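Got some structures for you, see below.
Across the two complexes that follow, chain A remains constant while its partner is chain B and subsequently chain C.
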Partner chain A sequence: MLVGNRAKYLGIVVGLTFASLLITQQSAIFVGLMTRTFGFLTDTALPDIWVMDPKVQYIDDLKPLKETESLRVRSVQGVAWAVPLYKGLLKARLPNGTFQTCNVIGLDDETLIGGPPRMLQGQMADLRRSDAVIVDVVGARGKLASILPDGRRVPMKIGDTMELNDHRAVVVGICQVQRTFQSQPVVYTTFSRATTFSPRERKQMSFVLVKAKPGQDLQTLCRRIRKETGLAAYTRDEFKKITISYYRKYTGIPINFGTTVVLGFIVGIAIAGQTFYNFTLDNLRYFGTLKAMGASDFMLLRMILLQATMVGGIGYGLGVGAASAFGLLSGHTELSFRLPWQLLAFSAIAIMLICAISAALSMWKVIRLEPAVVFKS
Partner chain B sequence: MRKYLLPVLSVFGIGFAILTVLTGSKSLPPSQPVVDPGEPPFRSSVAGAGIVEANTENIAIGTIIPGVVSEIHVSVGSRVNAHDPLFKIDDRDLKAQHVIRQTALRVAKANVRVEKAQLDDVKDQLVKAEILSQKKVISADELDRRRYAVQIARARFDRARAEVASVRAQVKETETNLDRVIVRAPCDGKVLQSKIHIGEFAPAGVTQTPLMLFGSTEPLNVRVDVDENDAWRVYPDATAVAFLRGNRNIKTPLKFVRFEPYVIPKKSLTGDSTERVDTRVLQVIYSFERHDLPIFTGQQMDVFIEAPDRATPPGATPQAVGEKTQEAR
Partner chain C sequence: MPNTDNIAVHCKGVTKTYGSGSTRVHALGGVDLEVHTGELMMLVGPSGSGKTTLISVIAGVLDRDGGECLVFGHDFKSMNHHEKTRYRGQNIGFVFQMFNLIPTLTAAENVAVPLIISGAKRREAIDRARDILCRVGLSDRTNSLPPELSGGQQQRVAIARAMLHNPKLIVCDEPTSALDHETGYRVMELLREVAVGVDRAFIVVTHDARIFQFADRIAKMDDGYIIGVESLNRNSSDNKKM
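== the complex of A and B ==
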């Protein structure tokens, strides 16, 4: 049996492990990257519907609206509330003089809807103080941290000030948010303050966040908002999809990762298939003997399939285990790693395919085998 | 034993992967609003942003006579009756002028008396001269001169009296000015803002920040901006409710007062003078009783005005819509 030949057994398991690791890990990073593109949407889970300019293609594609549009959206039947949201990139000048572009989010002054999902220090209501901003913890420890002359990094903390577009801003809280695609520090503040920070523009409001009244069908409400205001309205999931499809269409990321996944697949087939086939060839005599002894083709096929399933299972388990370990290790770095269950199923199917193809080659050989081959050599 | 190593490791690997999936799929709960945003109280409504103001509108008090403020009779928030003094511009120069002009009046009056005496004197002389002339003691020429002297004296007397009237008018002018330096309340109301202090110069004319903001605050008015695109849906007799920003429980029903007949460009927060405006808003004025509600002038309120569906054809009144729905039932 296959297990008896240690070199071949190890070879095939390593090959499958490698293929499984490559497929799972690369796909997980790809999924992680794609999740980051709509990280802000994941964070802002309270509103049901996002209203924006009809030409907006993805979440960071900012085409501001007139401020009165939020009143118009609020007037649509079935809308429980509609609040404005500012989103923009502003230059921050840090105390040590360096510049850093920040993702500034302006929340509705009154309700502060759209805030970060988790506050690590301070409170959301502290945004009511003058010049107050809340920064995200990754930004505070990383790009916004000040570097002392001896090279030590001092994270930004509550009470620190920075300049946002020449306006004073005081940090009143540290929050935790999903990392964004561009990995810029995220700065939360109120809408009116964000508009004073931002360069003068005629239109300032990026989005209107809408909550539907209970029992409203979101799709119908979206259509009604579109019809009555002429703006685009998407549910959160729709907007996520639109964002992802933009990145899929206009960046090379999917092709890049897709190539690696396909390579992993091919390598898996090459190693596993070739080793498996070799192994079958080596043991062809025994298969012949079994056949001569009256074993049916079906039985031989089951023998091969059992072995293929076994090595496939072992390789798959080791591969996804290694990929998860990689994810755990890279959890605190800039690398994005996200493993949904669909991905586990996907790599399982891929490994199954590899095994099936390898087994099919061997099975083909065994079925066409003449029992007389035993006596030939 | 060794032959089980790989399968066991593999089972562990799958278990670990499943654990990763489970921990990774957890998502953080959404952040809750700090203040409940509140729902519109009507099935179909028009939303507007309102600002609370006095029912007389906020009156920016100005002064006719520029000068340094010398007295302030009211403090911020005090209730004032119509024509009560609010503040006073320094009037020392006017007082001095008053004294000068009063003295001038006395001089003029004395002058009248002098002229009167002179007139009497020449009159008397004329009478005597006429007698003498009849007795042919003095010549006709002499008599004529006396006669003219009387005419001159009478004219001078008239002039002196006119001068008195003129000086009296001047005194009156100073007195009016002395009254004008006192700025008075135009109506019953409340001092909403006072930006002037004793010793500060109050210029005449329109100032960027009014010297004093004044208005009658019972009842209060709320000025609601409605986007011009929604303006057609607002009817005067529709019910309207205003919610205070920051606490949705503080709300008040509104009573329609009037439409501002002219649709104006929306005031922007940025206040940039070069800003282009492309939104115009219809302003609707509503009034409400303040009672014990902590609502102040100048505060923003969210206003919902009940409105018909967009499906309703324009021009149909809400009553007609009501009748239609009743018929449908």
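== the complex of A and C ==
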């Protein structure tokens, strides 16, 4: 019946498509942003456990430790190895004189553990060369690029130099890392060089990266490290959760995106619900006819549900398709967009809910419908 | 004269009131009526006389307030909602003033609806629908949508739909009022020819005097009462006032 009225049919499909697009796209951007908050943790996959000051609330909340803490952690039973990691924001002076804040990562001098997951140019071992740094490709092409007088951007390349806190740094490699929440260029160097670059402080180590011995239970080891060192110790997944939790709790990001998602939901219900209800009112005569001819309420409800499911499926498909296309097209931009299957399921449930609410309004009308209405001309 | 042993519909003191308090309207004040199998009974009377309310009660689409109303010995009031719906689906056919054909279904699909509701397979229902559409002279329009059909053709589809599941009682509400005189006449001829049978009762609500000649009996209603039943001998001019 619904397809017979093209205007209403299209109205519902457009409403549901819009709702699905809004819910999926905004949620995907939210998930993308949240993923960026722990991007560095994802990149640093080798260690099992991250040890830090107990007051640290998230990955970028840096509360330096004494370097000797890494030795204490190393002595805990069950630890295979423990290496220091420096993480800090330092100002880089570029060849053209401009300044750019960079996220500097200092890796253990001997092992270089904690390095970038993928090298595009150069090698990790090149970090052992004098003044060597590795920069991430997005930073090299973007904020660290030189701008020629004619406006063209020249990406930073191997051999280029810059100054980090008045210290010379030479680019020896280009790497690929996950984009971070703050979108600063990422600069890798050795721990000792990073502490040279950074302003002089008594404590300069940000984290101790720990690998557990084979067969060691990570939770037990975390408890043991906490007990014996007085420091906080989390598995990588725990630290990710803590980081996300901080951003959820202390930033307005979830509220902002949540508001848009709720708005999409309300718009969906308003458009689809109203149009679906109007469609039912328009066809009440036919529902009454079917009822008079012996169609049970259950049969009519199935008809309504089938039609709601049909338009819901089409609207959902179009909306998710449009959101995916948006994600693909924005893949090379700064926009964060991540569409895991859980989000597709969330969006599907939201659209199903919209359809169910829309259909419920109509169902109520049809259930209450007296079949005698068919004799009213 | 119909056989009084074959009573299809038996109404005794049927009452129905709409609204309450000062807006209370007595649609049926206590109707006594019997309709027999094999006959075409017409209910006639002015607007508001209770014709539509009476066939709604008889067809089981409206609950009466009081009195007794049996359809082939069954009382809708003693049935629950589900039983009532099923009984209607199996035993009663409907023809409506505005045809009420679902516009997105073809003529054959519309006709097949009662059988599909009863649980028949779609293919089988459509095949039977095509057969009955041939009987009402629409063999070439089985795949047409209602908007592509004339008023007379749509009413013939509606008649075919009412007959498909071979109901014992067919109720028609103003079947000719949306048709011109000639088309209405043909529709009534068709109804008499294909729908009226010895084992089936037929009730037609109308105020179209031009089709009275097709009735076996005419019950005149006014103000919620049957004020007289006229028996027509369709083969002679001997009409009997009851």
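Going forward, the second predicted complex is superposed on the first by the 377 of 377 C-alpha atoms of A that agree within 3 Å, B and C clash if a C-alpha of one lies under 4 Å from a C-alpha of the other, contacts with A are read in each partner's own complex, and residues count from 1 in each chain.
The criterion applied here is as follows: a contact is a pair of C-beta atoms (placed from the backbone, for glycine too) under 8 Å apart; a residue touches a chain by one contact, two chains touch by 3 or more.
No experiment lies behind these values; they were computed from the predicted model shown.
Novice: Given the touch rule stated above, what does A:Met124 touch, chain B (first), chain C (second), both, or neither?
Specialist: first
Novice: Now for A:Met352: first (chain B), second (chain C), both, or neither, which partner does it touch?
Specialist: Neither partner.
Novice: What is the contact status of A:Ala295 with respect to chain B (first) and chain C (second): first, second, both, or neither?
Specialist: Touch partner of A:Ala295: chain C, not chain B.
Novice: With both structures fitted on chain A, tell me whether chain B or chain C touches more of chain A's residues.
Specialist: B
Novice: Which partner does A:Pro340 contact after superposing on A: first (chain B), second (chain C), both, neither?
Specialist: first
Novice: Pick one for A:Arg285: touches chain B only (first), chain C only (second), both, or neither.
Specialist: second
Novice: Output check: A:Leu305 vs chain B and chain C. Expected answer is one of first, second, both, neither. What do you get?
Specialist: In the superposition, A:Leu305 touches no partner, neither chain B nor chain C.
Novice: Touching A:Ala80 in the superposition: chain B (first), chain C (second), both, neither?
Specialist: Only chain B is touched by A:Ala80; chain C is not.
Novice: Could you tell me which stretches of chain A are touched by chain B in one complex and by chain C in the other?
Specialist: Common to the two interfaces on chain A: residues 3.
Novice: Give the list of chain C residues in touch with chain A in this complex.
Specialist: Chain C reaches chain A through residues 52, 55-56, 59, 61-62, 81-82, 85-86, 88-90, 94, 96-98, 100, 102-104, 113-114, 117-118, 173-174, 177.
Novice: Under the touch definition given earlier, write down the residues of chain A that touch chain C in their complex.
Specialist: By the definition above, chain A touches chain C via 1, 3-4, 285-286, 289-297, 299, 370-372, 374-377.
Novice: Considering only the defined contacts, which chain A positions touch chain B in the complex?
Specialist: Against chain B, chain A makes touches at 3, 13, 24, 42-46, 66-69, 71-72, 74-75, 77, 79-83, 108-119, 124-125, 176, 192, 195-196, 200, 202, 204, 211, 213, 228, 310, 313-325, 327-328, 338-341, 344.
Novice: Under the definition above, what is the set of chain B residues touching chain A in their complex?
Specialist: 3, 6-7, 9-14, 16-21, 24-25, 27-40, 43-49, 225-227, 229-230, 233, 245-246, 266, 268-270, 272, 275-276, 278-279, 281, 307, 309-310
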